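There are two complexes below, and they share subunit A, which is joined by subunit B in the first and by subunit C in the second.
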Partner chain A sequence: MMDYNKQSQKLKETAAKLLEEGTVEAVLGLKDNPEVGWPTPYFARTAGDVENLVWNEACFTNLANYLLDMRDKKVAIAAKGCDVRSIINLIVENQLKRENIVIIGIECSGMKQNDSLAAGCDACPSSIPNMYDIVVGADGSDTYKDLEMPNSGENVTEWAKNTTVDERFERFKKEIDKCILCYACRQACQGCYCKACFMDRKATPWEQVDPDTSTKMAFHLTRAMHLAGRCTDCGACEKVCPSGVNLKYLFKGLSEFVEEFYDFKAGVDMEAKPFANQYKQDDQQVAFLGGDTIVGV
Partner chain B sequence: MSERAEVTNAVSEEWTPTIVTFLCNWCSYAGADLAGTSRIQYPPSIRVIRVPCSGRINPQYIIKALVDGADGVMVSGCHPGDCHYLEGNYYARRRFSALKRLLSLAGFHPDRVQFTWVSASEGARFADVVETVTEKIRVLGPSRLGGRDGA
Partner chain C sequence: MSAYKLTLDQARAALAKLMEKYTVIAPVMNDNRLDYAEVTDARDVILDDRLPYKSPKETVFPRVENVIRFLEGRVEEAQDIKPILLIGAKPCDIAALNDLDGIFTSDKGKFKDSFYINRRNCLTVVGAGCTSKKTACFCDERGIDMTFSPECDGFLNFVDGDILYEPLTAKGDGLFTGSEAEPPKRDTKPEETLKIEAKEADVFATMPWESYVEGCIGCGTCTYLCPTCHCFNLRDAEDKGIVTRTRVWDSCMYPKFTLHASGHNPRTEKYQRFRQRVLHKYLYIPENYGFTACSGCGRCIRSCPGGLNIRDTVSDIMERLEEAKE
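Take a look at the complex of A and B:
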């Protein structure tokens, strides 16, 4: 099904061609990193660098973030479905220009981390990226095979309907207790590109914020709120967490809500306007006193 | 889902919750003022913070109030279409809807966060709203996040 060797071969050939022709200044991909244990981001700048690029089942890192380092330069990126969703989100938010990016769309049916399916892959809708310039199919050919996806993701809205407030709080508290406030999730997130995060504005260079329960809750809830309708469900936050915090369900639940009530899904349409940047006069008053309530979820 | 799932202890009749209340300067704050000048009685549970517009309220303020131990949060602005800044409350409406869903998912009882519209001429309605909100939060009992790190 998946032939990583052939995909890798095709990726290297394509990257070398783009760099030799001078179409792009760099090719963003992944390079083996024995210290970390899985491939890490790498900019190939010359045709000679291309040999360092790898593509295997551990290439779960979301690379979209790293494009922001090369904002005004022409860059090619080796992108899976989740990377492309993130790139579309960044284009919608005017962080990237479509004409500056060459997307090498690599077909992917789910990556592996520590021998199990990587976070986010279980809910991935398709093996084919939403947007691409160059095709790298599952077997390294020029056509996509449209592979079957695991599709075992949690439906958070359904879960919330079948649980009590207390049970939901317990789950939240359990995850919060594991958090050490290292901000790895924020750094890995495609949506968290603010130059000054609200958490950093509170801290001084010599004293960080206290990692107490209320601060941790405030951080995760506010981050979830900032990502309402912007999360592309790539799972980067969960993959990088050193203490195994899994709060992705909050983001997922919000995405489901935004899709249900405002008909907006992040990372699908390049021309769309962000959900919080627009309004309709007849928006449903779902949360208001006396209006239709969403109590129960 | 049980509506009263969060009630663990019997709450005394005298206990009044502390409700952090954000009022927009142009409608709801004037409405609260009218309730006062008209001598309309309502429970002494709200702590008013005046903001220029309901669109000015950062969701972080509401989250911060809740995690630091407020028993409830109430937000009130101009009715849709009446915003002093024309469209602030339309943006706020989307934001608050998403916020309420998020807080509910994280296990904060939806009744603890209340959004409503009160205009400058609705003094009686303001008193009414405060009464309703206070009662809704009173039956839930004190916040379980009382005080810093008290969870």
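Take a look at the complex of A and C:
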């Protein structure tokens, strides 16, 4: 079972040690924020700062993004499975250097946001991070317990299989109807680190903040294509959305498509090459030729 | 003017009648969230202590507004608007509407915004008070009485399960009627304690701006939910020979907001953009218009994924200014 107090204790001790020894410049974690209702990002820079670090069932924020701002510095990060998958993806894509990051791998069996399971948690395969330097087990000890993962009962894959193209398109339209094009999803996404996003380019007809339906479709569909095989199912996009758009209906199928046809899953192997950077003679053609196979995912 | 007492059911019946004449905007549940939205059934209106998630600024300053349309050989200006009745606006949101009025319609501004004025003239505002301070609320520090605002057309008070409607202007007179009653006694307005009184040079380069924004992801949610943020962009789009000029919200928290045509960008860093947002409300608008444009609703604090906090930032600046004086 989860013991957040013991995990917090271990995290604080570890962070203090790393900072005192000078191993890292900062420890990236979360601090309490009653006004927001859940902990928000915090950089502990001195051993005295570590008292502000917290770990509890509302620590759902994916912190991997913040490493991009500190990519040339040595930083430790309090990371759950989803943060680690994102870190791996960023290492695979040459955005982060493994040697600059000390991963405090915190075992996690799902987080809560507003009393319900946080977005992404029901798609999480394991309570143990895929990569770590320091172990913080479920009970705060040095061993992982490999806990059972939660299941919300909302199976997007099954839903996609049992619906028609029209039904799925209706669902997509219903979801993006809520979108106000604030781009919070893009900003929170570990994979959206482009210096100039296609939506921010001038001189293109879809470059707009005008939230009409076609612009919203252009944004969400293009972003989804850009994230195929790069999305780590962390749910950060849904967690920050001020309008409650369920983006998993768009992304889950893409991840599964890439896994099925290209045998690649983002955030698993640090040594892997991005799937779109590889060419094999027997590559499946479905992504190019279209047909029922794509929409049938 | 005296007040009118009516039961909740009578108020709902009156509201149903008003819906024939007005587009009624009020707090209603919207996907498990309380929002100011158009009312389709008077029974949906929720008047309680909760603060709606979004601000009601869209009633006078829509996210997307058609300004003009160029059709073949003729120009079509913006359409007339049906009268709008905003019910249940909280005192902080009413204060924010007044701030927007000051910016878009006052003589102090360089321009009077005809589109805003057009909508504002069509708008009748009926307020409703809060009974408690919610997390991140700081309207009291901004000098706003959470229980009552005299700066609207009418006010709904809740007395022993009944409603006491208090008309405050000619526009608000006669919206709700019932047996005559005395208006409730009012507390004195709290003092405005959270404000920056300094020269730009004293705060621009000397405050630890970078430390305030470490968590910022640049999403701009704060500006979208803020009741006083009012920056916009104009854009022309052509579709099937018809060019529509729309005014859409913009956000100073986006890097592209200040990108010049030359390619130069004076605000490339997050801290520069946050500094602009804070100082625009607490320094530049006070200098240009004579009031601070923050109503203390706390929406930007509550909804910030990065945990940025304008109240704590301003209060930290005030402390530092005080220390510098000594």
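Following the convention adopted for this analysis, the second predicted complex is superposed on the first by the 271 of 297 C-alpha atoms of A that agree within 3 Å, B and C clash if a C-alpha of one lies under 4 Å from a C-alpha of the other, contacts with A are read in each partner's own complex, and residues count from 1 in each chain.
Note that a contact is a pair of C-beta atoms (placed from the backbone, for glycine too) under 8 Å apart; a residue touches a chain by one contact, two chains touch by 3 or more.
The structure displayed is predicted, hence computed values, not measured ones.
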item: Touched partner set for A:A47, first subunit B, second subunit C, both or neither; value: neither
item: Partner contacting more residues of subunit A (subunit B vs subunit C); value: B
item: Subunit B versus subunit C as contact partner of A:L117, first or second or both or neither; value: neither
item: Touching partner for A:Y262 - first (subunit B), second (subunit C), both, neither; value: first
item: First (subunit B), second (subunit C), both or neither touched by A:L147; value: neither
item: Subunit B versus subunit C as contact partner of A:A188, first or second or both or neither; value: second
item: Contacts of A:G244 with subunit B and subunit C, given as first, second, both or neither; value: second
item: Partner chain(s) touched by A:D212 [first = subunit B, second = subunit C, both, neither]; value: both
item: Subunit B versus subunit C as contact partner of A:R168, first or second or both or neither; value: first
item: On subunit A, positions contacted by subunit B and by subunit C; value: 212
item: Sites on subunit A touched by subunit C in the complex; value: 31, 33-37, 39-43, 61, 65-66, 178, 180, 182-184, 187-188, 200, 205, 208-212, 239-240, 242, 244
item: Interfacial residue positions of subunit A with respect to subunit B in the complex; value: 156, 160-161, 163-173, 198, 212-214, 217-218, 221-222, 224-225, 228-229, 249-250, 253-254, 257-258, 261-262, 275-276, 279-281, 283-290, 293-297
item: Contact set on subunit C toward subunit A in their complex; value: 31-33, 53, 63-64, 135-136, 214-215, 217-221, 224-225, 233, 235, 237, 246, 248-251, 254-256, 298, 301-307, 309
item: Residues of subunit B touching subunit A in the complex; value: 1-3, 5-6, 59-60, 63-64, 67-69, 80-81, 87, 90-91, 93-111, 113-117, 129, 132-133, 144-145, 148-149, 151
